[in-house]
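Each in structure tokens, the structures are laid out below.
Note that subunit A is present in both complexes that follow, paired respectively with subunit B and with subunit C.
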Partner chain A sequence: MRDLMVADQHQGRRSRPRGGFFWSRTPVRRAGTFWNASLLPLAAFLAIAIPARWLFPSDPASQELVGRLAPPVMFGGDWVHPLGTDGLGRDILARIASGAGLSLSVGLLAAVASAAIGITVGMLAGSLGGIVDVVATLIGELGLAIPTVAAGIVLTATLGQSLPNLLGILIFTGWISFARIIRLQCRQLVRSEFVQASYAIGADWPWVTVKHLLPNIRAIAIVLLCQQIAAVMLWEASLTYLGLGLPIERISLGGMIKDGQVQIYVAWWVSLFPGIAIALAVVGFNLAADRFQTAFDAAIR
Partner chain B sequence: MLRSAIRRLILLVITIVSTSTVVFVLIHLGGDPIDGFLSPGSSPEVREEVRERVGLDRPLIEQYGSFVLGGLSGDFGESWRDRQPALIAVMERLPVTLGLAGMAIVISVVFGTIAGIVSAWLEPGAIRTGVRVLAMLGQAIPAFWLGTMGIFLFAVKLGWLPASGADGWRSVLLPALTLAAYPGSVLARVVQASMIDVSVRPFVATARGKGLPELTVWTRHIWPNAALPALGFVGVQAGFLVGGTIVVESVFAYPGMGRLALQAATERDLPVLHAFVIVTVLQVTAINIVIDLVSGRIDPRQGSNARLGAANA
Partner chain C sequence: MRTEHHLARQGFHGSRRSFVTGLSALGGTGWLAKLPEAGAKATDQTPATMADEIVIDLAGGPDNLDPSLTRSTRDWSVLHSVYDSILLLNDEGELVPLAAESFGALDDVTYAVTLRAGLRFHDGTPVTSDAIERGIRYVQNSEGPAAANFQVVERVEIMDDLSARIVTNEPAAWLPSQLAVWFVLFPESATPESLGRHPVGSGPYRFVSLEPGNEVTLSRNPDYTWASPKGVALAETARFRFVPESTTRLADLSTGSANIIASVPNDAISAVEDAGGEVIQTPVLGSAFLRIATDAAPFDDPRVCIAINHAVDVDAITESLLGDQSRRLASIFPDERSIGFDRDLAPFAYDPERVRNLLAEAQLADGFAVRLQFAGGERDDVLQVIAAQLGAVGIDVTLESTELATFNGSWRDPESAPLRLVTWRPVFDPHTLLSLMFASTGPLSRNQDAMADDLIRQGAIEPDTASRAGLYRELGRHFQESPPAVFLWNLTATYGIKGIQGRWKPRGDEYIIPTQLKDVTT
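Presenting the complex of A and B:
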């Protein structure tokens, strides 16, 4: 009996998945645990972006012309500027922290606004059908024909470069993916048996929308929101790099890479680290989206 | 096929008219259109002369009419800066941009599809995971940063490739690879997921059960069914590819359309800007038409079904 139990325990230990999240060989899904290692990149980025002011006391805007282009710690630099300094002697780590915070706020703001618009339009189009659906689909297709960068170029050339204009561009091109997917989802739901039954016993449109449609698109909306935050942060950086996004006086990751590109021949670290920060954020939010998707799939089963 | 072509054409006209309208409204919302073009200290006589030359002295409604009609007919007026027709200015740069985009498409389709197929065909393991990780990174790394690092590595450190400009095939290599990273990664991910998804469907088991060789099962049964959602996905990404070209051109000082547009934006050369936006819309539409045609070829049913299925944009 005791031997058996030991064998059992032994077996139990061996059958556990080996390795970490990227290289786990066995596709084991433990339903119920949401937190796992795939959320680490996001946590790392948030740890840089949120406590910026308290964690890195050096002023991201203070210039130190004697300490220009100081290399990072492992490459001959010192711990005063762990990631080195840029062409004006500003601390890169402090600037990344500050820029990441701004990037994150822009990403959250634009993605949430896109979600609000897109989900509203998608639900109206998907559940009402008819002319509303036709018009909404048409507007969506029109929007998809204009690339984000082209919209950015036109808006910057006419109304100028500012934070509200940047948000405008990101929302203008961002709501469409929400609307398309939510519309499809609602169309399927409206045709499904339980919604039809609800209508049959006398429910009206607002009741069905609030009681049946909303709860059923919540999961996909959260997944989409995470993906959208990642996409928006990538676009914000790209637009800022092109001189179409955040104004030059704001500290931003895209702007830092742009500054660093001029110095690429002498100082690679100026543009290397901000890029890693952006990639960390995008990977983080995309993995979080995957994580939500898996969790919701598991919950349905 | 004809119906979808007509639909696309009507949609194109509506797109051009509404895009022109939005651009027109934005131009006039931003104050006097010639303010940004002229230097602030220019005399009233000069302002009047320019205003007359570019037709801003006409009534607003007349300006709007010719603006929209210009968008439809390709007559955008003369570039304010060098006085050649704006469309010509854009078209001169178009081949350079198309060459770059075309090369990037080829690279991303070849590598993305192969990586997706091979990793789906192999059992779960190191290669599949590796492709997944690479694709995830490829989607997360900003193109302009990747390009900058490429310049550092291949031009500054190794000296293999030129850092900027466009002369010879060596100078197109780095920009094209940079541009291909994102769509290639997306494609690898979508193809992989789609192939794995299809490979467990009952009809695949049937195909195996009736004794077909494994290669035939994959090429004739799994691949065509998996390719359709992937294609639909590429269609949604068309705008991204066109936009990404502008970013990459800017990184490598590549003399394409995007650079022209950025320059026109700083100088507020509005006819060139208008021409650029419309040509961009045409590019996106052209890519979508090609995808419609190809998916119509692959799928004996209507291609549009598959496009609706590609939900995850």
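Presenting the complex of A and C:
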């Protein structure tokens, strides 16, 4: 982390003349070996999740009790259900495709919302300091004291299971890590010479924020975002597995693992394949975060 | 006719003036026939081999041991191992004397109880007739679900150390079966606080410790050597562990760290056998149904309630998911052991075409949306099938999983889901279920049906059991014309056992009591 912060300061000085947050020439373009084998897990997951409804047109909710627990094609099943069927005779491949799409949507939505809140709070706390910093830090510390599972139990017991409630839990617990790290970054940046110089020549806080702070936290924000997407997808699966996440009529990977748990001795495929899908997503996004960080570091060096 | 035969065998229910003796129905002056006295033939009841420890994995357990507040068979498994009542529902669903040497009706509102001589509580004090009054008053003054029904007891007259009379304020033929479930004997030293933390009874096991959320440990009661119909302790120590995950319970059985596991999923039966265990599957005196809120649209129209009964293919569910001992029910009465069971009453047939016609008659040709609530931990796979089947005929179901506390706190809430999954056991005497769930004033009811109210009330105060059975059969037929529920299937219990094969058998009420019965072969 220390290396990354130093790198950001360097990068800040380099990128400063090139302008904005999204439109500057990013170091990513110069990363060289960005698209390599380490991103295969993420590519595999996205290949399942994004074109799900076109690739697998069969209804993932369609039940066929007489054909329940059919094995995968490589273990005596047929190509009608390549990955077999679950306890209610539903096609596992179609359900994984549908569940992966939902997991990805939840992960992206919750992570982006967490990032928006966390970056805003972190920048305000880190750049303004004073009472804003104290209050933001206090709220963050209080939030950290509430475990995600405990928040899930309370919200589910009081409001019931639903997608908005799950997103609420994930955002409520997810923004804090962004805020803490971005706050530290901003505290470093506001003490740097180029920011002080900007203030000295008359720049105001909004200008400094847009021109200096945002470009310099962009790299770490992207890395954090990738990690957060993986974490959120894992939490979504975990909470749904525990019965605290998505309602049972929503097809989710965590719910599929839960559904197959009682059949694990006789039909391992019901839980295994959605488990592999989650693993692909989590490993994929974490490797992507790692690649982003390496790419940024390499570009700076 | 099967019902009458069954009732005659029980003796007590055949006539208000006959008495349970555990051996036969004896009328008139013959009611004081004696069972073996306490302490007699102790060696006959002692298991040939007494294990050091027996471990039972339950699917959950009590955090509160207060007998008046418990609601589940899991709780009662522990408590009926520690406590005895005066009566017991045996494996066949018959009432037999337990701590009572005899029990019977003197008239329509008076029951005479004589306790066995020589019984002692775990604290060493003798079991005397004042414990009967103490136990009944405790339930009456509690906040538990049985409190309302026990208000029917006007007074308990203590005749001598072992004899008492229970006087009701109106005929209540259903009371003895409630005494077997909700009422227990405890010593004078017990307080509401101690009952909730450290129960002291007179049953086959003594309470040792409770780790909330984890396990209860009991030790064998060395004084419990009399010929109890409950049997005698199978081991010196019994540990009830609370293991919600079925795969963990299976792993416990496989590794030998549990002797009995409850609620084995059908799909895991072969895994139990592969692990060297034995699977015991038995029908339970209980039924599953979706309670319908008939107090609100669209279910205030009986045609909609009938339609939704025709929309669920229960046979497909039982065949695929529940095992061959489950079958579709015509009403809430699970089988012949239940008073009011009508073998001539046919269940609703699965008939999507009839559903569409009925919905069209009720101006709901386009279908409607409805919420279905269930307590987390219930089988959500069958609910998904039900939701899909209802969806196929235009009834769009949203499944709502809720915490048990939330579920139990919203029975009469008009904002709660109109449909909710209920599993109820035992239903030997249906009065409890009917009065709580289907009478319009019941604390668990959202049913508005004057005729049902009338039949339930008549059944409650009718002293003759055969007449009560007739009233309940009439109620069952009425429920087909105006269903307050989607009648699903009879409950079954599936256990995995290891290391105690041939020495333990399940009970009809689904309580797991680690005792060895006389007629279990070794």
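In this section, the second predicted complex is superposed on the first by the 269 of 301 C-alpha atoms of A that agree within 3 Å, B and C clash if a C-alpha of one lies under 4 Å from a C-alpha of the other, contacts with A are read in each partner's own complex, and residues count from 1 in each chain.
Definition applied: contacts are C-beta pairs under 8 Å (C-beta built on N, C-alpha and C of every residue); 3 or more make two chains touch, one makes a residue touch a chain.
It should be emphasised that the depicted structure is a prediction, and the values quoted were computed from it without experimental measurement.
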Overlay on subunit A: subunit C relative to subunit B, clash or fit: clash
Subunit B versus subunit C as contact partner of A:R180, first or second or both or neither: first
First (subunit B), second (subunit C), both or neither touched by A:A47: neither
First, second, both or neither for A:G254, with subunit B first and subunit C second: first
First, second, both or neither for A:L69, with subunit B first and subunit C second: second
Which superposed partner A:G275 touches (first subunit B, second subunit C, both, neither): first
First, second, both or neither for A:G160, with subunit B first and subunit C second: both
Which of subunit B and subunit C A:T148 touches, first, second, both or neither: first
Residues of subunit A touched, compared between subunit B and subunit C (which is higher): B
First (subunit B), second (subunit C), both or neither touched by A:G243: both
Which of subunit B and subunit C A:I264 touches, first, second, both or neither: both
When the two complexes are fitted on chain A, the stretch of subunit B hitting subunit C, from 3-11, 21-29 or 39-47: 39-47
Intersection of subunit A interface sets (partners subunit B, subunit C): 153, 156-158, 160, 243, 261, 264-265
Contact footprint of subunit B on subunit A as seen in their complex: 22-23, 25, 27, 138, 141-142, 144-150, 153-160, 176-177, 180-181, 184, 230, 234, 237-238, 241-244, 254, 257-258, 260-261, 264-265, 268, 271-272, 274-275, 278-279, 282-283, 286-287
Residue ranges of subunit A touching subunit C (in the complex, touch as defined): 61, 63, 65-66, 68-69, 87-88, 153, 156-158, 160-161, 243, 247-249, 259, 261-267
Subunit C - residues contacting subunit A, complex: 245-247, 250, 265, 267-268, 270-271, 274, 316-317, 319-321, 376, 380-381, 383-385, 387-388, 398-403, 405-406
Residue ranges of subunit B in contact with subunit A within the complex: 11, 14-15, 18-19, 22-23, 26-27, 29-30, 36, 124-126, 129, 132-133, 136-137, 139-146, 148-149, 151-152, 156, 236, 239-240, 242-244, 246-247, 250-251, 258, 261-262, 264-266, 268, 270, 273, 276-277, 280-281, 284-285, 308, 311-313
